[in-house]
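Structure, as structure tokens:
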């Protein structure tokens, strides 16, 4: 049985899903991670936010949202604190690539021709790209040439005006937004019961080198695991971020999928 | 922030998780699939049920439940209708093996030494086994020799007495239980709003060959995608199944992990 | 030169083989293992029996028997005693999958369109399945759409009546048949010189848990390495088993391959 | 039960095998192929000959012979006629590498520290080398540093004097010996019933380019599939070849394994 | 024989190299690509520039420069024009990862403990990261715990002041610098004979979407293959870029390697 | 910009390259290694010589020379001294196979249909062969059936008469030519400034076993790392070798590519 009105593919029964695919519905795939997000937020922030973003886009584009890719690529020190931290639970490159490839192939087998990954964890991007590229090439061998796959990271749709508005004291950069104002505001909006603002580590933005070192150098990461402070986060900011990012993605999806 | 009282690891913040790991908490990993389950149930039945089973066990064993493996191995015609069906969305063997391997390695990096996979999709089992075996071997190279990993399929803990009680007209076998009384009863108990009993295909158990053929022979699978009827399912039966399976798994977990 | 009357592909010269393929002969591929089988039988039992079973089927279906897959997947504690035992010599999943895939692709290159794996080692099955599925998909890309591959485990063709007849004191289940009455009886029939009944460990059927644990827990496996006793084995029982299993497989092969 | 006096590991029961390993027995692994060998010989020549060569060496060095690697690397046009020929049934590089690697790892797990591959199919060599190198490296990680693995191709132990004696009209080179005097003579000695000398294609040695072309150019390979004539083969020559090659390998094995 | 004074490892003889390694010399590995760089520059720009950058750093840090990784990851439309363009010749993710991993393992085998990748092709970065991470983990298993590997992209060491100085009319962003002022200026400085300024496509910076689409949409890429104009490039700007980037990298290398 | 008259693809701009491909130019791919070559020569000998050989062939066949594969397969003790030696920096089999495969696929994407690998490192050959075979198979799936790929090792084109002329005191065999007369003479001709004849180890040809042992037995390799002496090398011999090998390869390329 399908939950009435749901856009979430996994909550559809297969017969209803088949109708939606026959109507040409795009499928949006949220991609998250299980990663420490400081003392004030749970480890599934990237799953929750990518899924919510995809849901917001789906509602406006007659799309469905696939079950999320829950586990993502290794957290890197300059964007997520590093994969040496306990709690962060990651896949390696080959696995993320395979998952993305398989999902595109399976959806194409269903007859889907419009797919978009909605990424919520910075480190995933290049590996999703490779998986999609391999899938598209394999579909080409099969004779499927009308597939089109988009790769989106939701924060890339927050425009400069919004940034200026939300970060009046200066924007630390998306890399440092791990556990910061963006993610905390969205969580306050969407899952306020899962945020404890009293536990926010109100630190200045981390000063990180312009390169990586392996093995990770633990002292580079702030002890909270966050790279900037979420203290200025509010649900109102979350609403603005959700609205702007979703609007940008909706426009992009409509443009590329000719809707 | 951690949802109070939750056993779900993904809902914990990393600091709380670290305390639980330091206390020696076992981690249970639910393993599902996105697979057609007939016209009366959604495609994430195996995710929901394996997660609920793991949750029931966790509550009685001071364990945590990891975020589920959402996408599983290809549906096979004799146990899930076959992977040619639209809606069913599966990983290949290499990917399932890698996911299982990586999860064990990551949890071991956290300091976890007691891990159990709680499987809810028949076809996953051997590939999880391989992933665990590879991880255990690699941990051995690292000098980690006190890791212990269990592999459970929840229906293997429903005993013969319960089967006789719940299937007075004869038990079709676990293989044919895809979309049948077991899964439908558990869904009626746990997620009644996601089951539409009016759409159950009330068919006799499928008569399947004692071998597989590839490519799949579509006419072997009933048109509903279910291998037996869920018409006799009730929430009461679901409660009995949940209680008995959980009790069996709790005993096994306690025994193996010395609790 | 081809041994007159042989059904074994490896004993044919290539020119004779080409004639047989041109006539549409199915190819049966025996799959065994090198695995301890107790003190009374050699380590190649699964190779010998799968090859003999395939030979019996070939004779009645105008098929050929390919050279066997000698080394199989890791022995598991609940069906073969476990892969920690000295003597047992196994491949990992990726290797078994590759071997099965390559064989299907090579036979298809020859022009063969009817292939059946005749499995003699429980643990192999799912990995053979994956290899076949990958090969069939790749052949599909090549435009070969008339390939048909069967996957058989010979014991699945022993019917309930036969079981009741051969195990008057109760049937321990195929899992526990490792080194037990089935295999020992077939060996007494086919290779009596390689069985030493005086060395049979006459133990009650092993009581095994309904789950796996890794690394293996050695004390779970009886010291003989057998999971039930072969003491009641006789060549007569072997003949019955061979006849019934072969008859079942012959019927299945004829049915699927339209003979 | 173990066939009395056998050197073939697969014919031993596990208990007897364990005694032999405890005594420090080297294990010799024959490596063959399923490959067309002209109209006068069967397709398993490389399996039969590598196994016989290993058996001859084992008898003089207190070694055991493992079950053979039956399927080898792709036949190449300059040494085996090419892999486009029907009947030839080959593995790809990754599979041969994995098989060799796994066998070394499994034997090392048993406690074996002296392993020798006895190769009977030219094309296998480099892939066996890689598999062994990977296994030795992995064993090194495990702390196993006293493993020693030899890689032998049996024809490399036929010395120049023997060549001059057996090929009075000139030696075509080992590459061109595919299906020629060497292999035919050994088959006449060891399996005379599987050679039909009346079907030998009595051709001059093939004139092959000093490079490879892919895809294979079929007209480069003589229509018999043999690269030189086996017409001068005799069982007597086979005996000389067996004796000389075995003597060379025995000396090498004793030297390297300190016997 | 070693070219006197060279910092290029490949031009050293092995005996001289061993002395340098014994002295603790870091090894810098340039990573390029073979990629179209517009009508005015050759396809090996990324190889030449990463090698020159590494050479400049080596001279000031007593390091050696390894032979370059010549072929890099697939060109992406938003940073290199896309991998559909003829001339661009790329590896896939698995290959780039393996090359990076193997190089670290081989250098570590030599005794090197300080390694830095100097990347000159944007798309390589994440795959180099994964290769290094896998190598470091494997070395850890080997007991090598004092290895330290840096990952640098040379443009990340050009500071904001330099950007303001060199791009008085506004900076298009590093992504769009493909074939633009940065690369052209450096080529004019280092290889003026390989730049034809008369062929520069003097276009405005490309306006690219904030997401990727696969398969590539050719019309998104300017017909020159460059993403911004190199018309303002001069050798003087090249000198400034080389000096600033090298100075930044020298400082980083000294800091991390404790020199 | 393209260096006037160059045959080196990497020095062409993409627009010029496209013209050459449109004219049907074959692409020659040099394959080298980074490998110790004694005290008198640098570690990139195999790169330099394969590139020079390819360049000589290209000039006479209207071909282009791709950027070289710089890092090759592991050095083996019987042909390159062994991969345990410091300085030698090698890829494993899977990586070499992937690189060769990808290059063929990328060139085919460009429209190239005539490709030749010009190998300068003995150990590479079989792995290049596999990579090419896999690529050709994949192109076949794509519908590209007119691709033709040659695999050449340049020394295979030095004929017996030349050998007799250049090695009046007897030819040690190509295997032992590592760092010997052939390579040293070619280097004296092509890069005299990179050879220091005063450092040649004037040793008799190494006496190597007719088999391999792993792990490597260091004392089997002469301390210079060369397997025979380069003392008799001269630039004149280098010229003869270059001329004869190039002439042979030119003839082969013209023959196979119908020029």
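Each chain carries a letter (A, B, C, D, E and F) given by its place in the written order, and its residues are counted from 1.
Convention: a residue touches a chain if its C-beta (ideal position, glycine included) is under 8 Å from a C-beta of that chain, and two chains touch if they have at least 3 such contacts.
Model, not experiment: these values are computed from the prediction.
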Centroid-based (C-alpha) most distant chain relative to chain E: C
Interface residue identity across copies chain D, chain F - same or different by half: same
Centre distance in Å when chain B and chain E are each reduced to the mean of their C-alpha atoms: 47
Residue numbers of chain C (touch at least two other chains): 92, 94, 140-141
Interface residues, chain C side, partner chain B - complex: 74, 76, 83, 92-94, 97, 123, 125-127, 129-130, 132-134, 136, 140, 147-153, 156-157, 209-215, 248, 252, 256
Chain B residues touching chain A - in the complex, by the definition given at the top: 1-3, 9-15, 17-18, 21, 34, 36-44, 47, 66-71, 85-92, 94-95, 98-99, 102-103, 106-107, 109-111, 193-196, 199, 225
Complex contact set, residues of chain C against chain A: 140-141
List of chain A residues in touch with chain C within their complex: 138, 141-142
